[in-house]
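What follows is a group of structures, each given as structure tokens.
Each of the two complexes below includes subunit A, the first together with subunit B, the second together with subunit C.
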Partner chain A sequence: MSTTVIAPLLVALCTAILTLLTRPNLRLLQGVSLLGAVAYLGAVAALFDRVVGGETLVYQVGDWAAPFGITLVGDALAAFMLGLAAIVSVGVLAHAVLYVDDFGQRLSFHPLYHFMMVGVSGSFLTGDIFNLFVWFEVMLMSSYVLVLFYGGKQHTRAALNYVVLNLLGSAVMLVAIGGIYATTGTLNMADLARRLADPAAYDVNVLPVLGLAAVLFSVFALKAGLVPFQFWVPAAYRAAPAPVTAMLAGVVKKVGVYAVVRLYFTIFAAASLPRALSLPGLAGDSALDFFGPVLFLMAAASVLFGGVGAVGRDDLDSVLAYSSISQVGFIVLPLAVAATVPSVRILGVTACLVYAFNHGLAKSLLFLVAGTVRESVGSTDFADLGGVAGRSPVLSAAFFVGALSLVGVPPLSGFFGKFLVFDVAARAFATGAAGAAATLAVALLGAVLTIAYYTRAWNAAFWGEPSERVEEFLGDDGSVVPDGGQSTAEAALSLGGMVVVLVAFAVAVVAFGIGFDVLYGAAEAAARAAVDTGGYVDAVAPAEVVE
Partner chain B sequence: MTQFVLATVLGLLFALGTFLVLRRDVVRVVWGVTIVSQSANVYLVTMGGLEGLAPVGHGHGGGGTAVSDPLVQALVLTAIVIGFGTSALALVLTYRVYQEHGTIDVYELGGDQ
Partner chain C sequence: MSDDAPANEDVAAAESPRPSDVDRSTTVVARTVVRVVVPIILVTAISLLLQGHNLPGGGFIGGVLTATAFVLVYVIFGLDYLQATILDRRDEVDEGMVSVYRRLFALGLALAAGSGLAPLLFDLPFLTQAVLFVEHLPLYGELEVASALAFDLGVYFTVVGALLTIIAEVGAE
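On to the complex of A and B.
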């Protein structure tokens, strides 16, 4: 039993409640909210410090032994994902305090934001599949309202899509979980892995579990926005306030990716398929061999669909939204290789996590830049923009760093993410694995598309002569001309603050690239924890159930 | 026998829910989503097995000496509470969509920039 495991959850929950209580005083509310985000980072750092060496901390809720109670598990994988969430969250919140209007902040922004963090932390920490469903719902409930935050025409329509899709996803998830419970007799992940590893002893039929796991997979793919479940992404990302979009793309999407790594690489990997099963593309007899081709097809389709979509968009927000579909494809691509080729499994999961971390940082930065541009110029359409770099060089430099990181230019953190993806694919190719050549081709094409759409966005929005609109709203010296309401000094101060946050993000992108050793060490420890089914089961040590 | 009846009812409920989700009217879509999530709950209850004694209160119910599984019922209670919240949100959202767009026809919503 270790309370370090639940510390991030408790900090986020307490902050959410405190921000509800301090609503009358806006300054106090903002202070509490920011302090909460920093405390969350501290709690995550404490957990990370304990588990990075490979230890797995377990917290049994209410002291009910697994598998009877709910188990929370803090291992290197969970700590890595929490670290990503905590780092991005501090920056995004600092930006949001300046970006979201005072009325919105006073009304509901901060409690919703922290409740979303509660859901995210719970999803990373839980060791029980039904509990995972509950944390997903906590996270989604807040995100519904945050997507709907402005409540205008475009926002209600996007939110309607988002809500209906995710409600259907929740129902499907419930069906899959119920089915898994009926076939295996347990909801505890460790117990599930133990039963799947020895189906005869526990009287478990593996084939239905495989099918139900596939149903569950579609829900995680929906959360991660993988093709063919990507259609909600652009509208929802355009509708939400920029800091919320940054969180949705940077952190909430990664919850879907995490769930795939945790459930399929740690838990369902324990199952071996019956020899008689013959499916197209099925090479081996591990459950992962079944999911490898599925992951590959979805990842490849996402990389290409998102990339081609982003090249053709005419506003900054849409380019970034399509880009994030493409980048999630890049995150999942090494997972597909890792699932099919056991010799590169740890490296593949490491590549996925490093890429996810880099995408979380860089894409949040880019969405915040887009939000800041919208705040100061009033539009993100390429037709209205142009020459922002001449008027606001620091803001543009932040965008440049983020875009270069996602393109994969050394020494930024994105370079190593892309490098590892290619490394994994090349190593798989060297072992002669089927489909490795296709993986390489997709990664290469995706990388070229990334260069194309970021170059286009840079040229259209930031480079060249200032457009009329930019000239009107941004002064020669980078000062902002207010659009009524705010005084010039206030607007300039708020814009200056946002730019400081963006610079901090850009510095982090550079710093994680230069100090990549630390990031790689953490990601590799997380990947080792992810594929170590035995260690996970031993740490949770579920009791034997007497039938 | 009960299994077959329930399986049929569940199939019909899922079919009805899916049918409603595919309608043009947003209110029907919300109804469809609600029906699908409620049928998932019914499905969950059936997953715990239908026979056995009540887990509390000295041997109510019939069909054998074993106690029926209380866990699925706890799960369904959780899911119902969550479903209640989301349905309320979806209905309020529908009203807001009507306020903003003056229509709840999804085809018209799609064309209304």
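On to the complex of A and C.
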């Protein structure tokens, strides 16, 4: 049993506790926090190195054997998602150290941030659906406070919506998990897959499990912000501080996507449907064939709703929030194809993961740019902005790179994400699969909408003549004109630091595009692990329960 | 507590001479009951904590029970009473006990996580527990030393620290 599997979780946990203990000294606190994030990246890299070849590492916490104890499973899929979380987390934290005010950082920002990472890591690593619920809660509890961080009237209302919705979601999730336990007699994912594959031997009724899986699915869709569960997204993203929004959009949303891939492609795929339940036009009888059309409808609606919504917004934050809904649609769209057309299953999951990775990186970058603009100019309304590029070219270039990546321009990593989505849809179309033409049309329309709203945002905020407000707050040489307590030199220094972080993010977006082979290899290994139900069950090897 | 309970004040005034330094809005009955009950609650909480690893109980429930004892003291004797008697200072109402609770919370988490990490030194998985029976002790007989107690103690401090931080902060507002 290798400690490598649990290392990311432990590093995040220890960092969170250390940041609680070092409260009195802010510089030490920030140092510990950043060091912890870098150590987390190191721990994830070590795990990634072990499992990228296709090996599945299993860790039994407390030495209790599989179906009874707490099982952690580190495979290529978990490592891929952890890698995304670790890379985004280091950058966002570096930005947050400069962005969040000293009082907030001293009060609770760092412990909450790292506890959120504990929850994220746990969700990716767990091999047990009840523990998945627990880690979701760990992640959400921290995110509640982080969304509420500013505590103004509007912020509180938005955050309250977010809290109530997610609590409802958690309650539904718990009920569904309880139902699955009652029908199958196990909570361990590998054990669940084994029982669903051979329901007669274990006396399991598959139909209620399918219904409960559908209920669980609605919870994951809520976390991922898919239509029709997208309504919390814009308000919560506007209310939270920029680095928190970057984490919510870049990493926390992906936990919902990961849960869909892991539970439906690895676990519930083992179940087969009675023929009477198959939908007309679809030949298969796997549980995935049931979820494919559902995934497609939600993804298509998200792509279009988010895209049209983003085109009509009048401030940078809202455009990015609606864009986030649309992009999650793009992430799930290839999953829908992968679920219905077995021949492109691995490619579909790969496309989903590559797109998720690119979106995590690029959208975090864009939210951080929006936060930096708010910090220096004091507003993100298009009415107040304009011509930022003339005054602060590096900041604008970072936005430009992020936007181009999401639009899908080569050689940025976003190009390959979009390309793979189209590739999957086209291959499905070639096999004559039902709905493949609709998928292509939705993807095409979504891509056009993406170009439209990013062009509009770029023209309104960054291009053209500087607006009055931009002229007032940004000097000719890009320096910040004092706006209250901070002295010019100090403000300029912290703004300069933020711009350095943003440039690092932009360089990463370009680097993952140029060195795409590495990213593709990792995503493909992850996709292979995701669809390899047998390998997963064999690796965990849950003991047979004698009743 | 002082402004919003005039009815209690009248009762207290009618029944007993009021002690000068204790909050005037509570009755002598309530104060006496709390004096008797709080030690009982604390002993029960500690016994629940100590037996938690193999009988009903544990760090969480022990911590909640301990917090209720503190809440009773807060309700009956007022927010400043604990600070004045335990820390022996009457200033800094907000940061006095609250900073103690916060430290307790952090230390509890560190203890719980540390007890989980300790088995890694012996090449065992995270959170592995061990138990040792010490026998033939004079007077006491057999003593069970369980490593799970360290984890429970961490949970106990975390729960006490977190609940009392919330109560003291919200109570002060």
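Quick note on the criterion: the second predicted complex is superposed on the first by the 541 of 547 C-alpha atoms of A that agree within 3 Å, B and C clash if a C-alpha of one lies under 4 Å from a C-alpha of the other, contacts with A are read in each partner's own complex, and residues count from 1 in each chain.
Assume a residue touches a chain if its C-beta (ideal position, glycine included) is under 8 Å from a C-beta of that chain, and two chains touch if they have at least 3 such contacts.
Values in this document were obtained by computation on a predicted structure and should not be read as measured data.
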item	value
Which superposed partner A:L20 touches (first subunit B, second subunit C, both, neither)	second
Most subunit A residues touched (candidates subunit B, subunit C)	B
Partner chain(s) touched by A:F231 [first = subunit B, second = subunit C, both, neither]	neither
Contacts of A:T3 with subunit B and subunit C, given as first, second, both or neither	second
Partner chain in contact with A:W463 - subunit B first, subunit C second, else both or neither	neither
First, second, both or neither for A:L160, with subunit B first and subunit C second	first
Touching partner for A:Y181 - first (subunit B), second (subunit C), both, neither	first
Which superposed partner A:E137 touches (first subunit B, second subunit C, both, neither)	first
Which of subunit B and subunit C A:Y202 touches, first, second, both or neither	neither
Overlap of subunit C and subunit B interfaces on subunit A (superposed complexes)	none
In the complex, subunit A residues that touch subunit B	130, 133-134, 137, 141, 144-145, 148, 151-154, 156-157, 159-160, 163-164, 167-168, 170-172, 174-175, 178-179, 181-182, 187
In the complex, subunit C residues that touch subunit A	102, 105-107, 109-110, 113, 117, 120, 124-129
Complex contact set, residues of subunit A against subunit C	1, 3, 6, 10, 13-14, 16-17, 20-21, 23, 59-63, 70
Residues of subunit B that touch subunit A when the two form their complex	21, 26, 29-30, 33, 36-37, 39-41, 43-44, 47-48, 71-72, 75, 78-79, 82, 85-86, 89-90, 93-94, 96-97, 100-101, 109, 112-113
